Amino acid sequence: MRHERNVWVVGGDMRQAKLAELLFDDGHTVHTWALEGTEEGPVRAPDLGEAALADCVILPLPAAGEGGRLNAPLSQERPPLTQVLDALRPGQVVCAGKVGRELLDQAKERGLRLVDYFTREELAVANAVPTAEGAIQIAMEELPVTIHGARVLVLGFGRLGKLLAHRLNALGARVSVAARKWADLAWAEAYGYGAEQIERLDGYLCGYDLVVNTVPVRVLDAERLADLRPGCLVIDLASKPGGVDFEAAVRQGVRAIWALSLPGKVAPVTSGKIIRDTIYNIWNELGV
Amino acid sequence: MRHERNVWVVGGDMRQAKLAELLFDDGHTVHTWALEGTEEGPVRAPDLGEAALADCVILPLPAAGEGGRLNAPLSQERPPLTQVLDALRPGQVVCAGKVGRELLDQAKERGLRLVDYFTREELAVANAVPTAEGAIQIAMEELPVTIHGARVLVLGFGRLGKLLAHRLNALGARVSVAARKWADLAWAEAYGYGAEQIERLDGYLCGYDLVVNTVPVRVLDAERLADLRPGCLVIDLASKPGGVDFEAAVRQGVRAIWALSLPGKVAPVTSGKIIRDTIYNIWNELGV
Amino acid sequence: MRHERNVWVVGGDMRQAKLAELLFDDGHTVHTWALEGTEEGPVRAPDLGEAALADCVILPLPAAGEGGRLNAPLSQERPPLTQVLDALRPGQVVCAGKVGRELLDQAKERGLRLVDYFTREELAVANAVPTAEGAIQIAMEELPVTIHGARVLVLGFGRLGKLLAHRLNALGARVSVAARKWADLAWAEAYGYGAEQIERLDGYLCGYDLVVNTVPVRVLDAERLADLRPGCLVIDLASKPGGVDFEAAVRQGVRAIWALSLPGKVAPVTSGKIIRDTIYNIWNELGV
Amino acid sequence: MRHERNVWVVGGDMRQAKLAELLFDDGHTVHTWALEGTEEGPVRAPDLGEAALADCVILPLPAAGEGGRLNAPLSQERPPLTQVLDALRPGQVVCAGKVGRELLDQAKERGLRLVDYFTREELAVANAVPTAEGAIQIAMEELPVTIHGARVLVLGFGRLGKLLAHRLNALGARVSVAARKWADLAWAEAYGYGAEQIERLDGYLCGYDLVVNTVPVRVLDAERLADLRPGCLVIDLASKPGGVDFEAAVRQGVRAIWALSLPGKVAPVTSGKIIRDTIYNIWNELGV
């Protein structure tokens, strides 16, 4: 259905390797560089000499590694990002993840059409699925009880909170959701979960076997951690600075796990698919 | 837990009658006027003489009936809304549904603290539950096949689309969601439904036994209606102007049902509870 | 995939009419007699003259109407069943529903290979789906609250109890199951429902908004009906003698609905499909 | 509600340790012997001197370890089982798991009322929950894709197959069930899964990302293993001899995991609760 395109996947981890294979399987001409993880399919280019011919060049997530170099953990090559950009042609479509100000400026100087796929809402939604599964996997590994029948509190009811509560409930947990906004609490009730105002949790935290935080705000401070029942597991999915006072947790003997970047870790193939789908959407919009 | 309050419920249909009873059951002092549907509990006031003493006066949904009169279908009384407002005191909290510009101005002139509970997000979310159930009830009544195994298309993935798809899927339907935004399609996939771009439906509509529209835009025009398979049922839940060309549907022999205001019709008690919960939230915020 | 067969569908209601159409759609040669409900597709035979040529003759559910006549509510023809059987050839495969002793003997005398499709376990399981949906439809129509959030008691946890509890739970009801056997209670818990011993219900029945019985034993006698909360709806799905003392219910003002034979009523097309699938299984086993 | 009983828990692993604590928490007087895993609560008896006073003595699962000795992995004590039985009094109720012929005879000689809790249907059902979760945990750990969206085949639709398919489906997998009996296939369809005849799988096995076997019969032989797509994960939950030709799997490079006794491994506390509930049922029946 889609016509074949010429794509270069430059740098990245297993997600980009899978992405390259998936693009190849869809019938595109795919070259990789600074990405040694792919199996048969995509062609490994010796250098970036022909990258300027590509309909789209895909950089990793995040695009930049240390010291302004390409993020390329699977490769011997770690050239400066500017070296990659210099190999491209003005007007060329470049997709990259977590684009910082520096890369943005560099792309602009060279007249590249740079799109950050990590800022796309559909990628964030899709990534919440492997994140939720990863959290459940951790809970299964750590808890001496089944998810079924466990009393679970999900802090926050955004993307991740919604998909996580859905799965926990489906596995038979007794799920409560704590949120700040009335509308979020109404959503929690509409899906059949218990709904608690996050400001009024004090004194009730002893009722849970598992607490999963999705809010990037310090919701579980020392005082609230002290309220948890012995053996309660805490999983924090919030990006930095996180929602848990981990030092207090250690002091108080609370098992608290800060689980970040789960999609790439627990489901690299799915992560590659998610990036592919998002890039297809970008192409669709840009007319690539 | 909550302290007892003095509440007047003035006008309205069965939802307000149930609301008055529920407030009474929660321990509040409740008077009704122009609302003859309540059973034991609330006191029916002979007039509005003491309404100015109330902590909160609750007007119906919508507050205004025809000709600027109070919406009071269960009562003999249909006074002008201004007459009701004149009985209140400046600074008094008044909750009303679907407040129009006129009522807004009248309340302002009299110094009333008027809050429209129908604009509250949490009420909209909660109301989507009885609306979704009502749509399913209609589908069960009208279709000669079970929901289980039926191929269903839900148009739109906002509040109502989400809760409706959730329930249809749970009943065993094969649910596809059509939406415009990539993020909404990602949501649909994250919940396990089929996802279709709403612009690309043409030619695929023949695959469904049931199509439910939630988008207040003409998505099912004559051409698309002609694409439906014989016997396909169409339910339109979108408020005016609706999403279906009903005249074309009649001409083409498509069964299309425009189902509006379902919460009050299919679940008046639940509707009363939803209004009560929203009013509690308003009180909480206003410090009533 | 299946090779085309010569099938006669003789007598029956809308389910048999749909069955005939479905068999036609699958590529079989289909004749009907004493069944005027079919639309284009199957051929209406003027008489049973060529029925003896069929690979399989399908009689209704139940096969026998009043006075030993064919059950043929959609037709002018109501011949004695023996007249139908006399038109067939020894060794011919005949599928019929709810076969009584008399029909069994008559078929044996004529050397027919008679199979009762209604006794098949897979048909009973499949029929539990439209029965469960029908019960939910009734509950939606009758209750002033949503299924979502309603407290529901399901009496019995066999086929119907399982599929009904599954759907009610999926719609957001708080489902409890009452059963006699420990293993059934363990099943209920494994699926995440409350579990109550049926012998110990006394005193707890006031906690439900809806009680659905699936046990063909008098579980809801006058005393237990008196325990129900005002407004509680009772739906009895058990075949005769049923599980509810309906006279006591009337006396005590309890709304109790005895809903029998729901599949044919709420979903005739699905019912036709279920019979078709079962007949395919029978053919598969008999080598038709 | 229950009156306090005198219970001895003798031998066993973490499940019995948890069991002892749970019984203590329910208000019973609990002694343990040959079981050093318990924390505060139950009293560790120095010997079996007062065990004859117990209302019930609980032996492990399995009761017998090597050489006719008590199964007591957490203890220094490993007396012959006969020594334990000799300490008890005729007529005393003894609950034990996986009772063999030898123990049965020994108990009979001593006039003990021995009940095997492992043969109880409700325990088998309840144990299927942690087994299903354990299988999902393994799949999450091993697969590079999410369960969500994965194509999964469940072989067998008994207790375990039902609860496993339920959870996989809830997590967003596309679940197919293969079974032999038509009624089981009808069940699978009634719950909304794909249904495949187990005899007709050949040629279709390439369509799955995950195959979980629950049938204790060699269903996945070398030929069928060869049909699987590269990267497909096989989990065998069937007790010996299992359903997979593991030697062929190794030869052919198929990842196949034989996961036995999951409940005690993945959820020892839940396992303890399940045994407790079953013992309560036994007491209820025996009038202990």
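Should a chain be cited, it is by its letter among A, B, C and D, assigned in written order, with residues numbered from 1 in that chain.
The rule is short, and it goes like this: a residue touches a chain if its C-beta (ideal position, glycine included) is under 8 Å from a C-beta of that chain, and two chains touch if they have at least 3 such contacts.
Just so you know, these numbers come straight off a predicted model, no measurement behind them.
Path length between chain B and chain D in the touching-chain graph (shortest route): 1. Of the two chain pairs examined here, A-B and A-D, it is A-D that is joined by more C-beta pairs in contact. Chain A and chain D have CA centres that are 36 Å apart. Annotation for chain D: residues touching 2 or more other chains are 129, 148-149, 172, 189-191. Chain D makes touch with chain A in their complex at residues 18, 129-130, 133-134, 136-137, 140-141, 143-149, 167, 170-172, 266-270. If you check the complex, the residues on chain D that touch chain B are 148-149, 172, 189-192. On the chain B side of its complex with chain A, the touching residues are 120-126, 128-129, 163, 166, 181-183, 185-187, 189-191, 278, 281.
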